[in-house]
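Below is one structure, written out as structure tokens; comments come after it.
Chain IDs A, B and C follow the sequence of writing; residue 1 opens each chain.
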Amino acid sequence: MLDFTILTENWDMYAEGFKVTLLCSLLALIGSFLLGTILAVFRIAPIKPLNWIGTIYVEFFRNIPLLIIAFTIFVGLPTLGISFDGFQAGTIALIIYTSAFIAEAIRAGILAVHKGQTEAARSSGLTYIETMRYVILPQAIKIVIPPLGNQFINLVKNSSILSVIAAGELMYQADLISLRTYVVFDVYIIVALLYLVITLPLSYGVNYLEKRLAKSN
Amino acid sequence: MDFAGAYTPDHLKFLLEGFLVTLKVAGIAIVLSFIIGGLIGTIRYAKIPILSQILAILVELIRNVPLLLIIFFTFFALPEVGIKLTPTMAAITALTIFESAMLSEVIRSGLNSIHKGQLEAGRSSGLSYVQTLWHIVLPQALRRMVPPIVSQFISLLKDTSLAVVISLSELMHNGSVIYAQPGGDKFIMPIFILIAGMYFVVNYALSIIARRLELKTT
Amino acid sequence: MFKRKKGLFSILLLAFMAVFMLAACGDKDKTTGGKDKDVLQTIKDNDKIVFGVKNDSNLFGLKNPSTGDIEGFDIDIAKEIAKSILGDASKVEFKEVTSKTRIPMLQNGDIDAIIATMTISVERKKEVDFSDVYFQAGQSLLVKKGSKIKSIDDIDNSTKVIAVKGSTSAQNIREKAPKAQVLEFENYAEAFTALKAGKGDTLTTDDAILYGMADQDNNYELVGGQFTDEPYGIAAKKGNTKLVEAINKALTEMKDSGRYDEIHKKWIKKD
């Protein structure tokens, strides 16, 4: 049976890891939501160069591994004189990576709001940015919440790769505990349970919202 | 940054060797997880009692933990219960476990998107349940599933980079060998740019193919 | 139309079976190769000995991406052992390991022995069998030249110390300098890159490995002398007394013939 003394004896390290995982996932969610929204607006804006920037960003970062982004920021940029610690580098990498996916989700949300609304708002004298800000985005957000929830789950899971740049999150702490105690199986099972504590409720929440949204349509 | 020093023919060959390992491991895992994910998805769609509930729980658990954890677990923890795998085998196993769970959800929702009337029509024209599923529901569902399945494949290819933590000599690993050389610091950025480029080319090509297929079928 | 689909079905089914049979065969190989058979006998049967070695430790085991060869002290010693056991120094195969992956890879039967800057310790003796000591190292500190840190006593709670996961030095530093913030990385390549990138104030591990780093980049130097004993041993899977004896015999031969000193001189300049 599972030996929970591993959890109680190393509670400080597990708790620290849990805290860091939550913190960097939350920061990354906020960051990638902001960046993702800007990118989504870029992609559908009636200005060609902005479209290109948005498209290139999304296509590039969706198609390369998160690990390479994290390494580039952590050990690559310092060779050019820009330096971050493991937590900062990891969180920035998560934002860069996840914002590409969130941009696509938000773009889909905006496109789902009827085109006629944009025209109506524009003809009533609102500028493009005002139309976006007051008419389209508020409606799009509702459609976008479930995919955003999914991205948050992905963020929590993906934050585990911060362990290879010594960011001190859950996976890193588990690694150290197992190397120190020579207990592997139980240490990893407990860390899996700790991840599930965050991700399972989120996953159920997303499912619920998706079903409600499907019904309202 | 020293691009010329980083991109010597020897280094490029060495990186390419690593990328071939990445592609091989990812390729095997793709085939296996398509088969296993397809089976799980179909069993859950058909709502086979008990089996489908057990699978539902398993899928939900696997989908909600990090892949890195599954990789560590397969390589470092499974030996404690007598299952001993080489880095290559462990990487393939971990990727297959994770991606099968992800793909089974894609396939299940694809099957669910086919109107139930079709199933009934098939049954009433004398086909068995399995025949109806195989000849009528699955071919239609597969067509709709192509884009999400391909994007899952892209994820898998990207995720293969994580196997660097269990000493698999894949692309990331070979990249780090190059910049671990004396004076290799100035190779770091060029190597990372090149690795990112290699992933991008393959994955972007895959996503374009997926879009073409999507256009053709809709 | 149905006929064509049937064809497709049978192809899929065949592929499915083939994959599973392959997987099953793979498993069988593993169990027969790994468990009960004596490793020394397997080595003789295969006429090849597989060593787990470092690929990122200059002077001990460093991979040259241009040739694909790994070079260093550990590598030359491994070749001598192959010469003693199999009569030919080229009958070796090297697999790259890290401090974290080496014991699992040995247990998994992926490698026959570990020769990878590995310290003999009481905890590790519970997991593997060690040969005699083949190199005497000691833990030390690597800093950028001009650093405030001159010895282990200069490490306080504002010092960030870089170490490698699964190494004895990561554990030792917590005992010797409990106030330090320790950052642990996957391997030496990443640890040294992190030090050079300014992620920590000092990197701690065995002096032998640190000399290799200082040799690579002369902006870095060792300080504080040896503050632990790190006797290196060659590890074999638990219970393989015959293999360990054969390795010990090889080590003695090497020392008697003067070959050991030659190799030592070739790689280890300081001392």
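Here is the rule we use: contacts are C-beta pairs under 8 Å (C-beta built on N, C-alpha and C of every residue); 3 or more make two chains touch, one makes a residue touch a chain.
If you're wondering where the values come from, they're calculated on a predicted model, not measured in any experiment.
A.B. asks: State the smallest step count from chain B to chain C, taking one step as a move to a touching chain.
C.D. replies: 1
A.B. asks: For the interfaces A-C and A-B, which has the higher count of C-beta pairs in contact?
C.D. replies: If we tally the C-beta pairs in contact for A-C and A-B, the bigger total goes to A-B.
A.B. asks: Among the chains, which has its CA centre at the largest distance from chain C's?
C.D. replies: A
A.B. asks: I'd like the Å distance between the centres of chain B and chain C, where a centre is the mean of that chain's Cα atoms.
C.D. replies: Roughly 30 Å, centre to centre.
A.B. asks: From the mean C-alpha coordinate of chain A to that of chain C, what's the distance rounded to whole Å?
C.D. replies: Taking the average C-alpha coordinate of chain A and of chain C, the gap between them is 36 Å.
A.B. asks: Taking each chain's centre as the mean position of its Cα atoms, how many Å separate chain A from chain B?
C.D. replies: Chain centroid spacing, chain A to chain B, equals 20 Å.
A.B. asks: Send over the residues of chain A in touch with two or more other chains.
C.D. replies: In chain A, residues 75, 79, 164, 175 touch at least two other chains, as defined above.
A.B. asks: Hunt down the residues of chain C that sit against at least two other chains at once, touch-wise.
C.D. replies: Each of 186, 190, 193, 196 in chain C touches at least two other chains.
A.B. asks: Among all residues of chain B, which ones touch two or more of the remaining chains?
C.D. replies: 76, 165, 185, 188
A.B. asks: Touching chain C in the complex: which residues of chain A?
C.D. replies: Chain A residues touching chain C: 74-75, 78-79, 83, 85-86, 164-166, 172, 175-176, 179-180, 182.
A.B. asks: Could you please specify the touching residues of chain C with respect to chain A in the complex?
C.D. replies: So the residues of chain C in touch with chain A come to 100, 123, 126-127, 165-166, 170-171, 183-186, 190, 193-194, 196-199.
A.B. asks: Can you check the complex and tell me which residues of chain B touch chain C?
C.D. replies: Spelled out, the residues of chain B in touch with chain C are 8, 10-11, 14, 31-32, 35, 75-76, 79, 84-87, 89, 134-135, 139, 165-167, 169, 173-174, 176-183, 185, 188.
A.B. asks: Mind listing the chain B positions that touch chain A in their complex?
C.D. replies: 1, 60-61, 63-69, 72-73, 76-77, 80-81, 154, 158-159, 161-162, 164-165, 172, 185-186, 188-189, 192, 195-196, 199-200, 203-204, 207
A.B. asks: Mind pulling up the chain C residues that touch chain B in the complex?
C.D. replies: 2, 5, 9, 15-16, 19, 26, 30, 34, 55-56, 58, 62-68, 95-98, 101, 104-105, 107-110, 186-190, 192-193, 196, 215-217
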